[in-house]
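Each of the next two complexes has chain A plus one more chain, namely chain B in the first and chain C in the second.
Here is the complex of A and B:
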């Protein structure tokens, strides 16, 4: 028995050493560097006390919340519909909706530019219709659009998997008792999908808070925390502040995912 | 009759969402093949931009392929034994280990990259090599390999299989090689596809970890978007699509039979 325990420890060792050397140790160092700047440990409070950082925290949380709500509504409707109704072309629609699953943030940013950028489709259409060109790719609205674009594929997959496990009898019962489709959705489908919504929502939120590529492609002027950290690090060479901010950001995203995991049961998995 | 209306309403909505996701992809592919996107498709089709990308950014493509394969090897070596241990012992300690391993996915890549830079940035030989990026990619992809293998190992009766082999006199290594590995083949394959796909597209960390000599494909993309004309950026994106498309198709084809298997497993518990 003891022999077996020793073997299991030995098997864990390579991953353990790698993880300790390249994650735990660097994270600990990041934490201490965060407190080593001009302001000392107060750097960790700066995210709340300094108006500049606080406003970017607020806009980061704002865009993440908006993304989560919009993505859950869109993917909830489309995901349940595609799971419930099998019609010719259903598979093609699912394939289209999940195609952008592996796009990196930079490519998502470029997709937003294709739609809402200076030479984008929305600009051309609005110019033809109203004479005025609508361009919003390089603003917070563009970032919101990018994050929704990014989050739809994975959320739809989660919703579809959960909707498959819903018992159709419950809906039939509700319907036979005279419930309208709206009431069935509100009282049967949405409660049944709640764990999926919580887990997918948490992933949307955490990704939108921590993502960097999309904002980077769209504009350096978008005032969200990852961009602020990047600017502090590269342009201002304020490494301590960048370290403190990114440590706080990491805690926020990790907490959101951990809370969701407890709320929705052990099935919640984080995804990039 | 009212319900038919509802059906078409939902269908219309779903089509609209699909269009939102696919139209920009189509536009970008078109732009990459058009002589002048501003004038439109009338200006003619060309492969000029694709060649320009190939000439200017070929290295990023090779580096990304090499990196993702190296990342695959490392995650296999580190991840499969870890998944085996986590499947063998399911207690508070192994759950804590699993939780820890997932942290690099939960924590923004920007934070992980900064942590690596402040700790190892002064080792200039390491800092400027592609090994530095590899470390970041392994941290980010390892949980996916572990989870994927662990899911398969938890679904089979590993204990009985191993005891059977052990009672026939098989030592640990023959058991691991002939019983454990073949049984988690499906998990290894799914995990491998995931690791390669993620490594190929990783940007959040890589942007800080890279040097002018170690530019990956997504780093090159960001460069091209920022400094080159729209057509070149589009052609570059087209190259990226062509590279990840087979991986995605394989992942989708492969992920399909999985739910049925895991539903049975979950209702057992």
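Here is the complex of A and C:
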């Protein structure tokens, strides 16, 4: 029995060391630095009371949520379609969709500017059509577009792998009971893809919360937490506030991932 | 609640199926299924039986020129969701995200049946299939036999016009298969529903079918009542696929069939018969003192309790199979004299 316990501790040691060195210690340090500034622990309260910080927290979570939802809808439909219908060029299309995986955020930001910026394609088209130039690259909408673009490859492959495992007989059974294609999607396909949606969505959300490069490139009117942290740290030299914001960003993301994992765990068990 | 809906007559006219890759799954088939009848499509895998079922169900469309008629009405291009047929699959195909009761009530909820009526019907189905205490279970908590009962209940709950079963017992172990086969038989009789049953298991086909359609390579080999198929097989394929068939080769002369096992007097023998076929129950080990011209040696003997299955070597490619009810032991290599009932002889 004692031998067994020793063996388990030994096996847990690598993960334990890694967890302590790269998560527990820095997080603890960050937490205490956050309370070491001029205002002390009030820095944490300021995140909720100071409108500047609070609105950036809300908009960060908002754009991350919107990105996740939009990405899942697009990847869900495209992933199932690409898995079900093999046509000439199918492989090339999948490869193209997964292309942005390799791009740094700055490149994504640049592409958004080329599309929706002042000299962008959308601007030119809308000018020609309505006489008014539509420019949204430097706003939350631009950031949202960039995030969706680089989130799709991360989710579409997961969705395709899950779609391959869906049992076509389940859909046939639902149809035999009178379900329309829409009901089949709602009652069979979406529940079947739920575990994939949850795990892919969690990664998508976490990436969108923490992404910096794209926001930095589009800067101007964008007020998201990674940008605020950067400004506090480099321009205002308010290291304590930057630390407090980082800590909260980390905790919130971790919480969302933990909730998603629990939800995914229970659906996986239910799917048996 | 009653099962008032009138049973459905189904007709297939010139139904063929060629898949996109050019595989011919089904040769043109004309076949009528009477209202309330249980028809079993029987054959080895790839014979076209499942394709036929899927055409009837509306999961596949026949090639151009084929028609599917429900009570005379052309439903060829009607998708399955509008045909109101119940389906039961080999893999059960139960919805993992719903409970047992949720699965059974699904079709009714799709039809926007009032909650109270759904509940009553689900309770009735649970009772009929003797799974009332499983109502709130998740699907992954059920055994294979329980799952298939739920699948049957789910298919019947919506009062379908016909019940289509695709190898429903194949995934179950032998003992469970026997029990559930009996239950399905009772169910089909009590509902009086038109049922189409696909299987590769000839025992299932014999037990359940009012008529059996034996298929081979996308073609119908024979259609008939189980007894006809068994006793009067139309082709060698049918003869060998259904049950066990013994074979002797030889020549016929003056009402006597002569072969390597000896000679067999056969009054009605066709003069050209060079091969005779017969079932294990039409041959037996002769009593001592009985006059017979046939003999062989025991190659293997398996005592099964109620009978002994003997494999008797007679110099043919395959040994003869004999089901002996004699209360005695047989030893390997023992010489036995054999008696054949000429009434069971077939020439194909």
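Note that in this section the second predicted complex is superposed on the first by the 236 of 272 C-alpha atoms of A that agree within 3 Å, B and C clash if a C-alpha of one lies under 4 Å from a C-alpha of the other, contacts with A are read in each partner's own complex, and residues count from 1 in each chain.
The rule is short, and it goes like this: a contact is a pair of C-beta atoms (placed from the backbone, for glycine too) under 8 Å apart; a residue touches a chain by one contact, two chains touch by 3 or more.
All values derive from a computational prediction rather than experimental measurement.
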Point to revise | If touched residues of chain A are counted for chain B and for chain C, the larger one | key: B
Review point. Once the shared chain is lined up, is A:12 touching chain B (first), chain C (second), both, or neither of them?
Key: first
Check your understanding: Just chain B (first), just chain C (second), both, or neither: which does A:26 touch?
Key -> first
Check your understanding: Does chain B (first) or chain C (second) touch A:99, or do both, or does neither?
Key -> first
Check your understanding: Is A:77 contacted by the first partner chain B, the second partner chain C, both or neither?
Key -> first
Check your understanding: Does chain B (first) or chain C (second) touch A:176, or do both, or does neither?
Key -> second
Exercise for review: May I ask you to decide whether A:167 touches chain B, chain C, both, or neither, giving the answer as first, second, both or neither?
Suggested key: second
Study note, to complete from the structure: Both partners, chain B and chain C, contact chain A at residues 269-272
Check your understanding: Which bits of chain A are touching chain C when the two form their complex?
Key -> 167, 169-170, 172-180, 183, 187-188, 191-192, 194, 267, 269-272
Point to revise | Of chain C, residues touching chain A in the complex | key: 57, 59, 79-82, 84-87, 89, 91, 93-97, 106-107, 110-111, 138-140, 151, 154-155, 158, 164
Review point. In their shared complex, at which residues does chain B touch chain A?
Key: 3, 6-7, 10-11, 13-15, 17-18, 20-25, 27-28, 31, 37-38, 77-79, 81-82, 84-85, 88-89, 97, 100-112, 114-116, 118-120, 135, 138-140, 142-143, 147, 172, 197-198, 200-204, 207-208, 218, 221-222, 225-226, 230, 233-234, 237, 240, 244, 247-248, 252, 259, 263
Check your understanding: What part of chain A is in contact with chain B in the complex they form?
Key -> 7-8, 11-12, 14-15, 18-19, 22-27, 29-30, 33, 74, 77-78, 81-82, 85, 93, 95-107, 109-115, 119, 121, 149, 152-153, 161, 164-165, 181, 206, 209-213, 216-217, 226, 229-230, 233, 239, 242-243, 246-247, 249-250, 253-254, 257-258, 269-272
